Amino acid sequence: MASRKKKLQGLVAATITPMTEHGEINFSVIGQYVDYLVEEQGVKNIFVNGTTGEGLSLSVSERRQVAEEWMTKGRNKLDQVVIHVGALSLKESQELARHAAEIGADGIAVIAPFFLKPWDKVRAEELLDGIQEKIPTFQGLKFSDTDLLDFGQCVDQNRERQFAFLFGVDEQLLSALVMGATGAVGSTYNYLGKKTNQMLEAFERKDFSSALNHQFCIQRFINFVLKLGFGVSQTKAIMTLVSGIPMGPPRPPLQRASREFIDEAKARLESLDFLSSTYLKDRNLESCS
Amino acid sequence: MASRKKKLQGLVAATITPMTEHGEINFSVIGQYVDYLVEEQGVKNIFVNGTTGEGLSLSVSERRQVAEEWMTKGRNKLDQVVIHVGALSLKESQELARHAAEIGADGIAVIAPFFLKPWDKVRAEELLDGIQEKIPTFQGLKFSDTDLLDFGQCVDQNRERQFAFLFGVDEQLLSALVMGATGAVGSTYNYLGKKTNQMLEAFERKDFSSALNHQFCIQRFINFVLKLGFGVSQTKAIMTLVSGIPMGPPRPPLQRASREFIDEAKARLESLDFLSSTYLKDRNLESCS
Amino acid sequence: MASRKKKLQGLVAATITPMTEHGEINFSVIGQYVDYLVEEQGVKNIFVNGTTGEGLSLSVSERRQVAEEWMTKGRNKLDQVVIHVGALSLKESQELARHAAEIGADGIAVIAPFFLKPWDKVRAEELLDGIQEKIPTFQGLKFSDTDLLDFGQCVDQNRERQFAFLFGVDEQLLSALVMGATGAVGSTYNYLGKKTNQMLEAFERKDFSSALNHQFCIQRFINFVLKLGFGVSQTKAIMTLVSGIPMGPPRPPLQRASREFIDEAKARLESLDFLSSTYLKDRNLESCS
Amino acid sequence: MASRKKKLQGLVAATITPMTEHGEINFSVIGQYVDYLVEEQGVKNIFVNGTTGEGLSLSVSERRQVAEEWMTKGRNKLDQVVIHVGALSLKESQELARHAAEIGADGIAVIAPFFLKPWDKVRAEELLDGIQEKIPTFQGLKFSDTDLLDFGQCVDQNRERQFAFLFGVDEQLLSALVMGATGAVGSTYNYLGKKTNQMLEAFERKDFSSALNHQFCIQRFINFVLKLGFGVSQTKAIMTLVSGIPMGPPRPPLQRASREFIDEAKARLESLDFLSSTYLKDRNLESCS
């Protein structure tokens, strides 16, 4: 499993699983997808087979194949590949974890139980208490809630440990950075990675007004699509628009994004300058619209 | 798939999947379990690999084996065997459905999407609208909510169709019977089947005060265990107590029922006369405590 | 306060507070309203200043005046008048309770705390435990939830007491009758009282298929308006349509029912025969549409 | 009403309403309370009769008296006094608003409808759209949710307006400051105002590590009491401990904080150095324990 020295930092794109019109996995575009993330978005870490990747809609064998393809195409190009191996069946989860280790993944991630649950609600802060004794290879947390008290206490109580504290609510990442987030995992980094990196850089140099400008710019887009109804289907459509790489429809039970959604999202992306070559080429772009 | 003539009626036990102390499936007691349901509880229909059976905690191959074992041991003893084939991966669900047909199951059941969802909330009444055109072999519904407006409208709008309307909230079954329920699927029918059958019989002969007495008697037990914290782990422990057949611990992420729970549940079962030979032998028993 | 001998039974209409176009209380139609309930709907009990009556949107002095007007106009016509005196301020609630006693109300009702709360969730069954020691004049409960385990246990645990168990979910009253409800409080009894009384009568004579027909008929209407968006504003519009008595608009923050709602509700009322003279005159009407 | 020039900034203490052991308002300590806030906590703005002040548990006349007392005792000591005038009855709310203007309050605040509601959920961002046309004297927003997308968009879309954006989730104030909050309203500023002011100062001078240390220190305390069960009753007990001013018990329906809570909170306050003279005197204190 992943070496402890190489700490996960910065942006991690929750990868989409490209599909054909018939809902089969389209492995052929994954190489192109890797190059796009690295060259156009400046994103060198990926989170494979998560919610955005419809990981739980895939069969176990499909999940293995998808993981292998990303490892192969990402070699010498990506910094870290994290494979989500969570499943409702612990046996299947264990099989996927062993497989991830075999193919040399940099790490695995597992979603908390969401069907049969040992507890009603878990606070991340309590989960982390003594976790290294239980999981010696534990490296960090993806936190996808807006409860920044819980998130903050995770950071506060684990200062001497070298954990990665990755935030998963893209539209308010800035609020987690100030609370100690070391990086972020999200679906929008597939197509807003460059803009989000600009925000991270501004935050690093303590240029708050720029950082906030970038955050607001990102919020304008997310706020807009959320009102239209935003999920994995819509993410696939948006990534197809911005990257030009065909992501295809989602697999059932999800339904394809509507024509109306695609048209409205495209117009908004243009008005925010997220489709222009400027956005994709000029790394010094500071603000939107 | 199941013939349309044979309509599912009465009680359907949501079967537990017996396990060893190490969390492996204990196939050896399933034959004994069938006999217990039929002879002691008067329950001749089962729902296999559902939530109570930890179906989603099993691997696909385990689910196939469990289904086969129930079919084999239930032959000529059970009226109907329904196999739950729902899975987060549609491909796995399809494989399990084909397998259920191959082994001659009387029917299959599928849980609604609960992770990636096409809609926020579905009303059963709307789902049933025109369902026979979409699913020609559709036979009925397991309704596990307390919204009896939705349930009632399912019955009202499908009167000419021979659907089975099975209610899944054991503690208030009587309220659904009066609203047109044709049967019930639940975990408590594993050990309170006999008492519940007494309620069904009283309802049939329009003896409401007896039916209500039986319902209250059942409610006293369920109300008691709900306050202690009641789920699949606790159901396994209670069934072990009442039937004497070892159901074993649940599989993670669930945790074994506590010693305290078992002791308190046992005392309550005794006070309600659910452990006595009277309860299990005398079919004319009318009231508890 | 009310004598213990006179037990509240049957239907209780949660009265609307008629208002002028300017949102002032229209006392002038209350006498006509009383006659309509008694003569056309066969409803002789009322629940004043509850949610349907916008009680909490009225000032304390307005609540006193409304209560007085119903008492005056209902004298010798109504069986029981219950005044809701719940308020967020205990002092105001106490003042309203004293006033209700002074004007000779048959009973008072109080909503459970809903802003600052001593507990997260209260089970009615636990509230009733030993309540007569705390409230010697306690007469009964209005239960407005679909948790019929809790409702059933309220009935089961208080059998020897002469409590009224009034159900508040109109669209599934039949399911509560079989669980021991002694009556019902609701807004639909203002205009569907006659039909609901037919259901009660059928239930009394153990004619379930008729009772269920009546319940389904009522559900068809409620199910229809719920999908359009159904609340106090819509109730005022519907009552105006059915009774011909102008109920006026709601008071802010509520907004007046839309023209579209009124048109669609009217068409549905007609299709279900709830606007016809047949419905309002022929007490033997058994089914709708 | 308040002049537009004087913008509300920094910390605003949501004042507690001191009560006697018999639940009557204890006006006698309000003068001392004002001095404590200003001199010990460095808090010069107050929010009167809000949730923390049990405003909705008071009668209208009590609310008027409480507002008057704070205005009188705060004169020439406090910067701004905001009176919460929200009530379920619009008429009462209007009366309280007129009264606040008469006594010269700097502003009024109104809670959104929470019983009868015109809409299911409101996004603050949408509420602010064109609000100055509807409310010419509108000055700002108290935002008490963790949805910082909504909060951020409120700030982003109203940049040219001089609105106050006050955050109401004390335990994660730092995350809102970076998103553009101009101040904060909360109950903890009654006793953690000094520490929170240290955080605001560190943030102003871009000393993030100190700001985060202060936030974590505050989170440790809030996280601790939240697990014990934390509400208005507990706030009254804690303020009594820290300030030495008797706040008394809450008014029903709230119940007095338990002895156990008080003992545990006291020990935690001491361990975090929030009871020591150092905390209350030395304004350079940088970190806790």
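Lettered A, B, C and D in written order, each chain numbered from 1.
Heads up, the rule we're going with is that a residue touches a chain if its C-beta (ideal position, glycine included) is under 8 Å from a C-beta of that chain, and two chains touch if they have at least 3 such contacts.
Treat the numbers as computed from the prediction; the structure is a model and nothing was measured.
Undergrad: Nearest 5 degrees, what's the C-alpha rotation angle taking subunit A to subunit C?
TA: Rotation angle, to the nearest 5: 180 degrees.
Undergrad: Compute the centre of every chain as the mean of its C-alpha atoms, then state which one is farthest from the centre of subunit A.
TA: The chain lying farthest from subunit A is C.
Undergrad: Could you give the separation in Å between the centres of subunit B and subunit D, each centre being the mean of its C-alpha atoms?
TA: 51
Undergrad: Any idea how many Å lie between the Cα centroids of subunit B and subunit C?
TA: 37
Undergrad: For subunit A versus subunit B, what separation do you get between their C-alpha means, in angstrom?
TA: The separation of the two C-alpha centroids amounts to 39 Å.
Undergrad: Where in subunit C do residues touch two or more of the other chains?
TA: none
Undergrad: Classify the inter-chain contact topology: is it line, ring, star, complete, or other?
TA: Drawn as a graph, the chains make one closed cycle, so a ring.
Undergrad: Can you list the residues on subunit C that touch subunit D in the complex?
TA: 51, 54, 56-60, 62, 88-92, 113-118, 231-232, 250-255
Undergrad: Over in the complex, which subunit D residues touch subunit A? Could you list them?
TA: 125, 146-149, 152-153, 155-156, 171-172, 174-180, 206, 208, 211-212, 215-216, 219-220, 222-223, 226
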